[in-house]
Amino acid sequence: MEHIGFVGLGVMGQPMALNLLRAGYALTVYNRTAARAAPLAQAGASVAVSPRAVAAVCRIVCVNVADDAAVEAVLFGAEGLAPALRADDVVIDLGTTSPAATRAHARRLAQQGVNLIDAPVSGGEAGARAGTLSIMAGGPKAAFERVLPLLKVLGSNVVHVGEANGSGQVAKACNQIAVSATLLGVAEALTFARRQGVDAAQVRAALLGGFAYSRILEVHGERMLTRAFAPGFRARLHQKDLGLVLAEAQALGLPLPVTALAAQLMHALNAMGGAEQDSSAVVQVVETLAGLDPRPNSPTNPL
Amino acid sequence: MEHIGFVGLGVMGQPMALNLLRAGYALTVYNRTAARAAPLAQAGASVAVSPRAVAAVCRIVCVNVADDAAVEAVLFGAEGLAPALRADDVVIDLGTTSPAATRAHARRLAQQGVNLIDAPVSGGEAGARAGTLSIMAGGPKAAFERVLPLLKVLGSNVVHVGEANGSGQVAKACNQIAVSATLLGVAEALTFARRQGVDAAQVRAALLGGFAYSRILEVHGERMLTRAFAPGFRARLHQKDLGLVLAEAQALGLPLPVTALAAQLMHALNAMGGAEQDSSAVVQVVETLAGLDPRPNSPTNPL
Amino acid sequence: MEHIGFVGLGVMGQPMALNLLRAGYALTVYNRTAARAAPLAQAGASVAVSPRAVAAVCRIVCVNVADDAAVEAVLFGAEGLAPALRADDVVIDLGTTSPAATRAHARRLAQQGVNLIDAPVSGGEAGARAGTLSIMAGGPKAAFERVLPLLKVLGSNVVHVGEANGSGQVAKACNQIAVSATLLGVAEALTFARRQGVDAAQVRAALLGGFAYSRILEVHGERMLTRAFAPGFRARLHQKDLGLVLAEAQALGLPLPVTALAAQLMHALNAMGGAEQDSSAVVQVVETLAGLDPRPNSPTNPL
Amino acid sequence: MEHIGFVGLGVMGQPMALNLLRAGYALTVYNRTAARAAPLAQAGASVAVSPRAVAAVCRIVCVNVADDAAVEAVLFGAEGLAPALRADDVVIDLGTTSPAATRAHARRLAQQGVNLIDAPVSGGEAGARAGTLSIMAGGPKAAFERVLPLLKVLGSNVVHVGEANGSGQVAKACNQIAVSATLLGVAEALTFARRQGVDAAQVRAALLGGFAYSRILEVHGERMLTRAFAPGFRARLHQKDLGLVLAEAQALGLPLPVTALAAQLMHALNAMGGAEQDSSAVVQVVETLAGLDPRPNSPTNPL
């Protein structure tokens, strides 16, 4: 099997890289904080000293780092991938970044004949570990098909959204828009039931059978009821993603009223102390506004 | 099989009553506008001259009328059901009304030993015809179980939400809260894709495989793409239901920020001429705000 | 001077009635809870046993009661004004009620030749005591001019908005719409400054000199800075007024997105324990969402 | 009088520089598009070939350019001011930029002993021409006092918000927050009146006398009534400013729900074709949502 590079071994990157190893790929990895490469080394991966060193030995390199600036540094920084990449190599950007930055990176790489596939994922840490992520890819079809076997190791739902780079990032943004509104809708629905004195678990059960069915109601609605807010998908990352969406919409002059409001409530979750909880904990913001106690054993009316 | 009464043969009530007939129930019906009873008469139902005349011959009576005031008139008005009802009779209110009014009606009926089951439905005209509605019921368990076989003719998902009357209406309100937010989330997501020049159909396909999956994305997202806005669930009814939810929340002093905003956009759909379209046409409001043409062959910038 | 009737001696009504007495009007008053009439009796007013008894002796009757239902009871209830009113009498409704109910009351009174002037006020308890209220009047011009001297005792800014009854209530609704949005804008601005570590008092001072100047920034902005939330205009009344506005907008199918959102935050103030505070205390809701402590000596992060 | 530099002669900068000339200051100016310097040259200013050439002859330099990146280029770019500035010189940034960028610029200038005063303005083109701007300044007190006489030529309301650089920008952000919410409140109020069939001009007159009074109601409310949307303050600049505010709030994790919603409606105004109109034209967005015709002679229902 092909020799794959993997740069960025964070909460998502580490289990994804492990899955590639387990699937039989030879792997050379790099992470800025070297300690996070250790589990990969133990599992059989080579550890490189820089992104450039990864590109020296791999014709397909996955990148999974925090934001636009980090992607740019990995690609074009002092010890970046670019000078070691060759024509027809493929870089797969698995992180969630802005469509505009993705397009700019793709243009620069194209000048040396290198293909970029933007392939942001959805499904959280659990999905990364289980290899059941949803992957939304943008970029040249031929390059996409070349790396499709690899993407199918990482995710169970891989869609090529469009030939244009950034299409994957746009789909991911759409995903966050739809997910955020649904999450808040479920949070408000369960809070309405609680405030009415009706069993919210029964309400959720009734709603699962009709048009209100959503994966969010099923999975995150359950978390809201059981208060199992261990991530999951951390609120601070959800907030970051919504920031990307709204910055993009600002640049386009595109109104997204419900998304903008959902983002404010996600800000509130972070500001009120929930940054490391699963973003379904936003129900606690709705409850606080309703004068309901979001915690056991605390005063109901905070003012 | 038991002899069932049915009062209110509107867009939803008529197909529901027909399904009861087809399932073998004897049926006596009443509708204020008599013409709407004709298809039922042709199919074998008896037609009564008043709600009271229905109650004279049926120990279980379904009611499906427009709003709180209409339910009150059917129950307690000049030719209303109440004086002809006997102890242990069951009235099933299949309409969407306020939890508070439902509780008041239940208390009055209880004084004469009559049980009320509030059993609002979700699923639209198609669901009413197909007998695949989702039904959320509140009221005494024994009475619920007595009418459960009948409810299973009308819907494929019947849940007893709670012993307290109004529990079904609360669940229906929760349903509308969750559905409205999700609908707007899908509308904003597809508009974001369109404004970015990315194929919205591909984006929807990608999202269906992940956490953004919802029945709304599947069914109403498809309507948004194909512009198939023939109802479905009429925007004016969706608006009415959200009005009930927000009036209830106002009475409770309960903040529902996302629902309140979604309701304003649903108002806009109605005000802009879409009252008789399926409420998924709210995507056109989002598009109008985005300066995108919601119709073929019309100017892009309306200002 | 003319003999004036006054029904409803609540927080606003009592000081208004006292101002009429001080201005030299003969006054006959009624209040459901009789004790509240005592200060008026001491100041020289006659106390009647019912609204009807007031109308028996006064050709102009002021009404200042809580809501639509209370106005209807005072006008047309068992011991209501109507049967004792004569042609050309004037009823002045000083309370904030719905335009639709006002129109209905006016039509009923007109059948007996009685004029209704809807004349809701703005300016709070302080304005009621000082006689500096803003009064927005609707109804027939001739009747308005007949009662204008009296209204000028109660307020320093009296405007005849339109001949049609309900015009005053519409203007009052517009007042609450504009005030609510401005109040939230000021609250968010001062919270932004605080969160940035910039002296909010200096920011307010800078803003007072430019386009951001508003009476709300001047008066309520000061309250937000000094935490002087003693009413003022109680949050629960502000919430009630916004409920009227939004119910009217719902009936019209009129979207008011910013007002609807402001109303949710006002709900939150009430739900979180601030119902009896001045509505400028809504800044505490914004602060709570921002993870800032709205009270001295309490934990910053409530979650 | 002192010799002043002025870089950036746009819609706002040109009249501000002319006012300095008229007040008797010697002026050396620079603009990237040289033609815009011509009116200044005719009025007696020297025209420099670069920002650096300005700094070579002036100890106080005003900068008024479009955004963070442009300020950075003027200060530290190839032909930027910095290398020609000396200890104790003062740079006045009159544009609206982010507090964070301002702080970064101030730190870099401080390394060479140069003071930055961030002094964004409010009041629009009319205020710039009339010298009646509101100016919100941040930075060292001594430097502020040194340039105060000059600032008083440009504006009639000059406030030193704080010693910390960025304080002026924070105040300007607060200004835009308060102004935006008030603008939308006025737009919704006047639309409510129009939809109710009540004379919106009379409603505005009534509101001017009470707590709803704001400069926005007075000035922009008038524009909404007369449809005099010639700028004024262009919607695209208002949109840009709100983008800065929300990006800052995103970075802080600060929820600003009403501001975020107002920003979406301002996006809509831009997207619907109103980018070059005064931002009070946002009333047309509210009217469009209400199904009211925002233009003469066009169809009421755009869907």
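Here are a few things to note about the model shown:
Which chain is which? They are A, B, C and D, in the order written, and residues in each are numbered from 1.
As a working rule, contacts are C-beta pairs under 8 Å (C-beta built on N, C-alpha and C of every residue); 3 or more make two chains touch, one makes a residue touch a chain.
The structure displayed is predicted, hence computed values, not measured ones.
Shared contacts of chain A and chain D, meaning chains that touch the two of them, come down to B, C.
Remark: among chain pairs B-C and A-C, A-C carries the greater number of C-beta contacts. Among the other chains, C has the CA centre that is most remote from the centre of chain A.
The distance from the centre of chain B to the centre of chain D, with each centre set as the mean of the Cα atoms, comes to 50 Å. The distance from the centre of chain B to the centre of chain C, with each centre set as the mean of the Cα atoms, comes to 37 Å. Rounded to a whole number, the gap between the C-alpha centres of chain A and chain C is 50 angstrom.
Residues of chain A in contact with two or more other chains: 249, 253-257, 261, 264-265, 267-268, 270-271, 289-291.
Partner chain A is touched in their complex by these residues of chain C: 257, 261, 264-265, 267-274, 281, 284-285, 288-292, 294-295, 298, 301-303. Chain D meets chain C in the complex at residues 99, 122-124, 133-134, 136, 138, 156-157, 159-162, 164, 166-167, 170-171, 173-175, 177-182, 184-186, 188-193, 195-199, 202-203, 205-207, 209-217, 219, 245, 248-249, 252-259, 261-262, 265, 286, 289-291. Chain C contributes residues 239, 243, 246-247, 249-250, 253-257, 260-261, 263-265, 267-268, 270-271, 275 to its touches with chain B in the complex.
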